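Per-chain numbering from 1; labels A, B, C, D, E, F, G and H assigned in written order.
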Amino acid sequence: MMPMDTLTIYLAGEIHSDWRDQLRRHLEDRKIPADIDYVGPQEVHDRSDDIGEAILGEQPGQRYRDLMGARVNTLRTRVVMQRADLAVAYFGDKYKQWNTATDAGAAIALGIPLILVRDPDHTHALKELDALAALTVETLEQAAEAIGYVFE
Amino acid sequence: MMPMDTLTIYLAGEIHSDWRDQLRRHLEDRKIPADIDYVGPQEVHDRSDDIGEAILGEQPGQRYRDLMGARVNTLRTRVVMQRADLAVAYFGDKYKQWNTATDAGAAIALGIPLILVRDPDHTHALKELDALAALTVETLEQAAEAIGYVFE
Amino acid sequence: MMPMDTLTIYLAGEIHSDWRDQLRRHLEDRKIPADIDYVGPQEVHDRSDDIGEAILGEQPGQRYRDLMGARVNTLRTRVVMQRADLAVAYFGDKYKQWNTATDAGAAIALGIPLILVRDPDHTHALKELDALAALTVETLEQAAEAIGYVFE
Amino acid sequence: MMPMDTLTIYLAGEIHSDWRDQLRRHLEDRKIPADIDYVGPQEVHDRSDDIGEAILGEQPGQRYRDLMGARVNTLRTRVVMQRADLAVAYFGDKYKQWNTATDAGAAIALGIPLILVRDPDHTHALKELDALAALTVETLEQAAEAIGYVFE
Amino acid sequence: MMPMDTLTIYLAGEIHSDWRDQLRRHLEDRKIPADIDYVGPQEVHDRSDDIGEAILGEQPGQRYRDLMGARVNTLRTRVVMQRADLAVAYFGDKYKQWNTATDAGAAIALGIPLILVRDPDHTHALKELDALAALTVETLEQAAEAIGYVFE
Amino acid sequence: MMPMDTLTIYLAGEIHSDWRDQLRRHLEDRKIPADIDYVGPQEVHDRSDDIGEAILGEQPGQRYRDLMGARVNTLRTRVVMQRADLAVAYFGDKYKQWNTATDAGAAIALGIPLILVRDPDHTHALKELDALAALTVETLEQAAEAIGYVFE
Amino acid sequence: MMPMDTLTIYLAGEIHSDWRDQLRRHLEDRKIPADIDYVGPQEVHDRSDDIGEAILGEQPGQRYRDLMGARVNTLRTRVVMQRADLAVAYFGDKYKQWNTATDAGAAIALGIPLILVRDPDHTHALKELDALAALTVETLEQAAEAIGYVFE
Amino acid sequence: MMPMDTLTIYLAGEIHSDWRDQLRRHLEDRKIPADIDYVGPQEVHDRSDDIGEAILGEQPGQRYRDLMGARVNTLRTRVVMQRADLAVAYFGDKYKQWNTATDAGAAIALGIPLILVRDPDHTHALKELDALAALTVETLEQAAEAIGYVFE
């Protein structure tokens, strides 16, 4: 096992906003005495949507374009989630975010402790994930505090 | 192992509509030569929302009411999901359905084959789950056909 | 997998009081539509303490009497815990109950959902187990309600 | 796998006394030819008790203060216990130490070999944990000897 | 666990010949004192090839017709392979039989003991599977003898 | 999971004496309220030695005769050990009994609780297995007592 | 867990052509910001065929020569496959390639994401592996693109 | 996962002769391009026998002296076996070597590939272990060749 001065965090969430950058900044500001490695889906939205056809060529319609692109994307997320010690699932106000919830459920089932980040407005809709998560917070800054606490 | 004339199916999805009854009817209509057992969350919506306070007493606010109720509900779903040979995740037009996606991700991570049922309108939003699922169909009737095929 | 009309519950707790009988009665009163099977340690206290020497013969001192008896008792609990779908850990006012907590931790690590039953006086001392348990209740009657809910 | 010149030890026990410092000193005195990394719960007692409200804000009462704090603490212990090659569970004369026994049971169920450290006065109360542990000793110095033996 | 008078066997192999019927007959002839349950892929070849479009509707080309049909077929085989205590992989003279080898490798990795049935002409091409299999025989009759031996 | 009125026991040991019959008699004498199923290697010694050539035909020498026979025999023991809730490893005065020790080590590693039965003369040679076993006894009658205790 | 700047890839496929060299070149050309380690079977064909007799001495016939050589070869592949984060299975026009499919099935069952590389001519014969693989591509260059995408 | 230029080998066997030194020398002579780490039981026989009383103090008789010493020794072997990629089990002409066979069975059950080293005189007594092992050789030099082959 790696000594406890490294940590790999899987960041599950939409790829439209810069929430991952925010979390990374909060963690850097805390000067945690550990090497933190971040893994997760492709963060550039168009690249993520186009990767199927970029690699495999044109597909006969949106359904296959989406499926083939998703095959490439889930190849990536499956490989990197194997490395995670901890996962953060971020739910914002926009987008269906079903992929986020899927990743969260997978992380939990794999025994990876999960921090759920969600606005109080989503309390009811995310109550089950709250019960399954190791911890539920409301802001990315709180998530960073909890992660830093692992190394105190 | 149980002989292959029994099957337990975990039904993941919202608890507002009668989609589970529809699926059960389609399966009965097919006269599949097997005992099919259905498990899943509590289907009576108010009972599901109230169960926390019903058992534990009044809670100091919505956040705790939701959390405690969800603890009881996820106790149930964790116990029954252990029994599932197969899971069906149903996505309709309404509700956030984050719980559905969480259950779907958990089932997949636990090695339980998943049938994803979703309208073509959700193709893009559910592309990752499509790539992870064993099979994606558009209607509950198609899901029933695929399940019946296991016993042909 | 067994159909969802059976359930095996591991009852972790001290073997001095009749708390298991109380829980069994609460469950019978609820007329749950399932066969519930109870497993756990030997409930007759003297038999539990004496079983080592009863089988293996006199031991050279209390330390070895305890160890050999415990080997027989943990043979039993390990075999039966393998059968459990769910565990209940009961903490009363007396006794160190370290064995109860050990069993609870083991159940959780094995993925067996746990219901923690404890008086509010023990809230602080059992806070970590509360966070790890699927559900925490204060009375055996509440535990029975939650178990019955699995079958609603 | 890491070469056998590193070892991560999970230290389960109360966070009131300096027993962990004592064990660490005994191990350093033995000049074991390995990098030993220690993981475990937060050792500063007040920080451990307060961390829930420190991150999440004021909670409506002791029960929720304890639960939320414990969620943060168990996030930490779950992450770090994943790294452990070996666990030490220390039982002293004071405190209920149910958290210690819970961690011990979890470690054993996860296949992490456990060294139980306990005064002879606790022989009877810890007999089951004695039977499940890889080794039972009476002092921290003996625990350090056994750990050093792994590298001889 | 089921008592040792039942056995579920996964039959991996091409679906063109009647080799499964032959094996079943050999086993029935041996009057083995056990209920033997057989699982495996759909044995009616056209049904297997058409099932994708039968359920999902017309697909835009052979590649998608094959993929969607295979998704339905592998849903079936994944569900039933979970039930297997033992697997038989049969290699005949015709067909690529890559699906057979894939199933064989999966069974072995899942810890399901495998009996490899192959003509001596395939000794060299199947040498690795021979080394990984529990047993290699040349005829279905020998496979039946070995299976019957489990119950002697 | 099966209700706790059934038990499958894997009997590991030499196949020359009738020790298995002795253990079965002791267990029947105790009138244990459970269906006990016994699994293990082929008990008829010549059949066990000959089975390789009986199925596969003559082999070019003792080394291959032994290997092929052992492949058939370990196919059997692997299939049946999957069913065991508990294992008994019996060491007598004669024979190398390396197969017994191999089975014992496998059972332990698979999490199957083991009862070691050995004469005090073998205390030193079996000390490690003693430390790994759930329980060590000296006679088959003591083993039967311990097994009966599981059902008290 | 290793930080996400390393990756070990298991290369499953025939050992007659230089396809592995081609894939390695495509990956080097992409200048992926990671240390990529390649594992797989022995690539020198004669060495692979002869290794059994090279180590163990002459065997009595082709069947045993193949089996003993395969035992050495599968010792190697089993050890190295344990290290893989990802697998690539390559199917060309020649050779039975049953070993390739066996390795592919094993990788999938072990939870190692698989990229299937196959010419469109094999679409039908490899449809099941296509459904089980994380991604199916037609050329080694596309496989390299997908692997590089993991690190974008 | 560690890159494939390291290997940890568990050496199971008696601790009377210098067979481990011989194997290590053979491996060094092969100049394998990898860091090979060796783990196993304590090789100094008296230290191994005495370690129980050395740490825990005098025990009331040989049976307890052996058991307590074995607890310390199996703590060591359990911790280090977790690190092994591969195991070698050596059987010589003397000693019961039940501990060797136990370790071998455990390694196999844990999925660690095993090389069995045994003189042809033990062919019959070790036939089952031969069938379960990845490879069986007659000399330590052959074992070293097979290990070196992993890195070719």
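Everything below uses one rule, namely that contacts are C-beta pairs under 8 Å (C-beta built on N, C-alpha and C of every residue); 3 or more make two chains touch, one makes a residue touch a chain.
Predicted, not measured: the structure shown is a model, and the values here were computed from it.
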item	value
Contacts common to subunit D and subunit G (chain labels)	A, H
Over-half contact-pair match to A-G, picked out of the listed pairs G-H, C-H or F-H	G-H
Chain separated most widely from subunit B, comparing mean CA positions	H
Comparison of G-H and F-H by number of C-beta pairs in contact, larger one	F-H
Cα-centroid distance, subunit B relative to subunit G, in whole angstrom	37
Rounded Å distance between subunit B and subunit E, as computed from the means of their C-alpha atoms	30
Residues of subunit F engaged with two or more neighbouring chains	2, 71, 74, 85
Chain-to-chain touches, reported pairwise for every pair that qualifies	A-B, A-D, A-E, A-G, B-C, B-D, B-E, C-D, C-F, C-H, D-H, E-F, E-G, F-G, F-H, G-H
Residues of subunit D touching subunit H in the complex	1-5, 7, 85-86, 111, 113, 115, 134-138, 142, 145-146, 149-150, 152
In the complex with subunit B, residue positions of subunit E that touch it	2, 6, 8, 35, 37, 39, 42, 44, 47, 51, 54-56, 71-72, 74-76, 78-80, 82-85
Subunit B-touching residues of subunit A, taken from the complex the two chains share	62-63, 66-67, 69-71, 73-74, 77, 91, 95-110, 120, 122-132
Subunit A partner contacts - residues on subunit E that touch it in the complex	60-61, 64
